[in-house]
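In the two complexes that follow, chain A is the common piece, with chain B as its partner first and chain C second.
Moving on, here comes the complex of A and B:
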């Protein structure tokens, strides 16, 4: 339900009221504010670095036609792909299982804490909710200690590395996956619980009267009704985990297991100065998966963040 | 997959049945809903309990040690030395160097938190009111305003590093057009924190808009109409009738935004290419990671983390408690 003007508007210009013109003017101005950093990045990312002058970063490269705009080239994107390929692969290895498992476990937790109602569940649930707001700094040192000095994950992967496709450095990605599942669980549980609270009790009660077990209720009734929420949760978690830097920095630290955000930090800077076309192409390449998800499923993303 | 609890229940139940021939206390405990639902909530809960609450507890203990990252932390001599150093500065027993106190970064944290949250809320509210005026292409506007939020802090830092650049940045081109500059925004100690805050507002004000828009849509149209019948002007109507009804939206957006600002580490790290944003943009989040991971002062980093955690708790705990009291949890 929108709340538009009801009163008759008198002043007008070419048939449009001045008020409407002002509203659209501000909205379009804000659109430019939000888009210009991205637009500038896109334009710069397709300039040949040798012809880059930086005079008109927001214009497309039209060199022979418009002087100072630089020549068109896909070389920065090629450079970005070369520089980020290992990080992109690692990020995919990380984000797929971490997203799926945090979503599944979150749905199970929300079911056990909502659909099956029992005394004291709100207390348990409050601990989940508080987990959403923890600044990760409060757990970094223990996490590093845990993965590097307590869990012998590295030794396991040293013996597993004889298998095809398994490398020793994958142990860091597994550690990162498990960490992201644990820290994603609170928000996943919250999103699913909000959904399950809205479901009607009738079906669950009828199934309970029929003597259905708790796990049957989950698999036959709740899981099929959760599909739209799974979309929201998966999109949210995918974006969060893909975009994270802090956990990767402290768990992966450096080496072959570095994820795309880690590789992006240092790219495009060298002794001879900053290569802005390469840097913009790299930033856009690293952002591309989440941008595509956002463009195609923006409403689901909005639903996830506003819950 | 067989449910191990139900197997156990059956086994226990049959034993008791044979022994006593009736329903027992054990049996009734295992029939409770909390226990029947346990296979669903208990594993995730233990997971969260170990990784989040276990780690926080461990971090508190670590902050009382002198751990320097080498070998195993020594838990035999616990003291509050790190907190004394954090509040007053000085030369700790575990170092030969003087370690500065945290007040500078704590102050920056508060400035960033307050300015970022307040501007985001005001901008978000204004945008939400405008988008709520039965405009065309509403979805397009909303999608564009929220777009930066789908980006990583690392990516937005790269974009804004470019926007702020002295020679080629768009911000400096615009400043040049009005006769100012060029200004080295990213390096200038007086402008650093403002530059970071502005970029973060660019990224997250769309979030405040989405929350406020949902709040506006939940207000019955009759409230708008009643105010109009009374002849109130649009501004008066929003100020006196509509905005007071957006308190819930304001509080929840505020809590989320403050927590975002506490997490701004990723942004500063990629903006300044490492652990050194310099004193005028140093916040507790960067200070903590620098002490632990760059300077090797692990225990001191843990102590700063505890302080950061208490700050977050002071904001979040009342919020969760109010939600609980209202039955909205």
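Moving on, here comes the complex of A and C:
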């Protein structure tokens, strides 16, 4: 190996070794490969709908931008924001509590099933694992029946609607939140359980001897040590719930409570044709929150995955 | 501070397939207030399980644990007022040393923040870890973590300390230092302590008394010297002491013990002790065997032997001796001689087994039939 670098150094081009050039070449190539779809989307979203056809979608719009004014067209983005605003708000109302509660409850369940030992916990845990394998399709009809005919959630919200900020249609979002929490719980529990199994039993026993109750052990010992795993679970659940369409279609169906994925389905489609710039701008707008979550919590995510 | 009593304490684990395993079998020990008891035995002998039952981390199948006269079987660990030091130290990794030490006081007492702060600082000073108070456990060396773990136990001023092999993760030098320090601290605080170890050196050097466990059964409880010189049975005799006691299984032939390569005459008292036995196990500690130059055998307790291997230890040499090197299954035994003595493998020497230093055990049960002569004033006091 001692000859390796020296030999590579001799085969050089403008003072850079060929190996280095090859590495950079591959890296740049892969970066382009991954970024081109996004770049194409961004370029398409700032083209004037009328001049969309006939140009290469990945090239910046040449002209006319907005009717010969020399400006980029922000019209599609404006349209996307107008068209999706209600859906974005609904999605935020849905995703924030659903993510936090599925993570928190998953962590508590994993603590109860892993760190504390009691009779019958294996059976309960088996039920949690089984929950992961229930296909979505199998629960769609029962889910509709449950929320529309069995639970009087709508009636509750009809009386709550007198309060500020509460609307009757919010009952559908609450139903959706609870459904997502329930469906996310098994996988969250599984992830936290894997993490808690690695924590030292002796540490928990030391806390017991120090006089801490079960809830104190969770709050003061386990919870602070779960932060990296919470990052993983939050990112995963946020993306899952934000991107979900099936449950939203089943439970919300239509109306004011529609979430962003539902609104995205119909936007820019009319009998006169498809408005690609508008659809592209909407897709990017709808994807933005998940992108931001990855950017801001990515390092915590990596820490949690490797923990 | 209180005395701790184990009364016929038993632990039976039931495996998934219904098999029952008795890990601890009717162990009874009295530990007086302020006493340092070392529970010692090979791995899997039930010593840690016993400790965990005292702590409340394992349920007690039958029997009773009493602390200060109160039955504590049913009390959860949090209410037992017992502190434990774990082998892995079990520090809370997300807390600073200060937080680690305050945790127990916050959770188990009504002390206000200032009082807790003061107590923690005092204990930190005692443990010489004041300058570590604001650091996290991951920034500390093994020895420092060990001190913090001890500090965390001490700061609560519990009724009793339990220690589960607390020194086994330290290097040999540090272990010796901590051994002395632990004894000093225990002596200062005068708290009843149960210390679990598999290391007989730790047991011998640290304990006021030691309790030897094997296979869940208590073999002997006594002062280190009692256990060393007057073992109850062959297991204790072999476990305590390093290098181990030499054992020879021998036939009884009237007033003499016989085995292939040597015969050993018994004194009348010894003969009486083994009356009716046809075979016994003969035991003698390596340091009781005397080695001298070959020739001049003056009595029946001396034998011509050959040195097989020499293990120099500096202060003394451990020599492995054999009656006859040239047979396929030589009887070998060990003896210790002064480190300054010039001995080397292959030398022919004469070994003496002094008659007042020998032990005799039952072949089947291992029970001690006769122990060496041992007069200790302490031992007599203990009996009274």
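Quick note on the criterion: the second predicted complex is superposed on the first by the 244 of 307 C-alpha atoms of A that agree within 3 Å, B and C clash if a C-alpha of one lies under 4 Å from a C-alpha of the other, contacts with A are read in each partner's own complex, and residues count from 1 in each chain.
To be clear about the criterion, contacts are C-beta pairs under 8 Å (C-beta built on N, C-alpha and C of every residue); 3 or more make two chains touch, one makes a residue touch a chain.
Model, not experiment: these values are computed from the prediction.
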item: Touching partner for A:153 - first (chain B), second (chain C), both, neither; value: neither
item: Per-residue touch tally on chain A - higher for chain B or for chain C; value: B
item: First (chain B), second (chain C), both or neither touched by A:210; value: second
item: Which of chain B and chain C A:30 touches, first, second, both or neither; value: first
item: Touched partner set for A:202, first chain B, second chain C, both or neither; value: second
item: Touching partner for A:100 - first (chain B), second (chain C), both, neither; value: neither
item: Which of chain B and chain C A:220 touches, first, second, both or neither; value: second
item: Contacts of A:136 with chain B and chain C, given as first, second, both or neither; value: first
item: Footprint overlap on chain A, where chain B in one structure and chain C in the other make contact; value: 213
item: Sites on chain A touched by chain C in the complex; value: 200, 202-203, 205-213, 216, 220-221, 224-225
item: Complex interface listing, chain B residues touching chain A; value: 3, 6, 32-34, 36-45, 47-56, 58-59, 62, 72-73, 127, 130-135, 138, 141-156, 158-163, 165, 167-170, 173, 202, 206-207, 210-211, 214, 216-217, 219, 221, 224-225, 228, 234, 255, 259, 262-263, 265-266, 269-270, 273, 284-285, 288-289, 292-293, 298, 301-302, 304-306, 308-309, 312, 315-317, 320, 323-324, 329
item: Chain A-touching residues of chain C, taken from the complex the two chains share; value: 55-57, 76-80, 82-84, 86-88, 90-94, 103-104, 107-109, 152, 156
item: In the complex with chain B, residue positions of chain A that touch it; value: 1-7, 23-24, 26-27, 30-31, 33-38, 40-41, 44, 53-55, 57-58, 105-106, 108-109, 111-113, 116-122, 124-131, 133-143, 145-146, 149, 179, 181-183, 185-186, 189, 213-215, 218, 239, 242-246, 249-250, 261, 264-266, 269, 274, 276, 279-280, 282-284, 286-287, 290-291, 293-294, 298, 301-302, 305-306
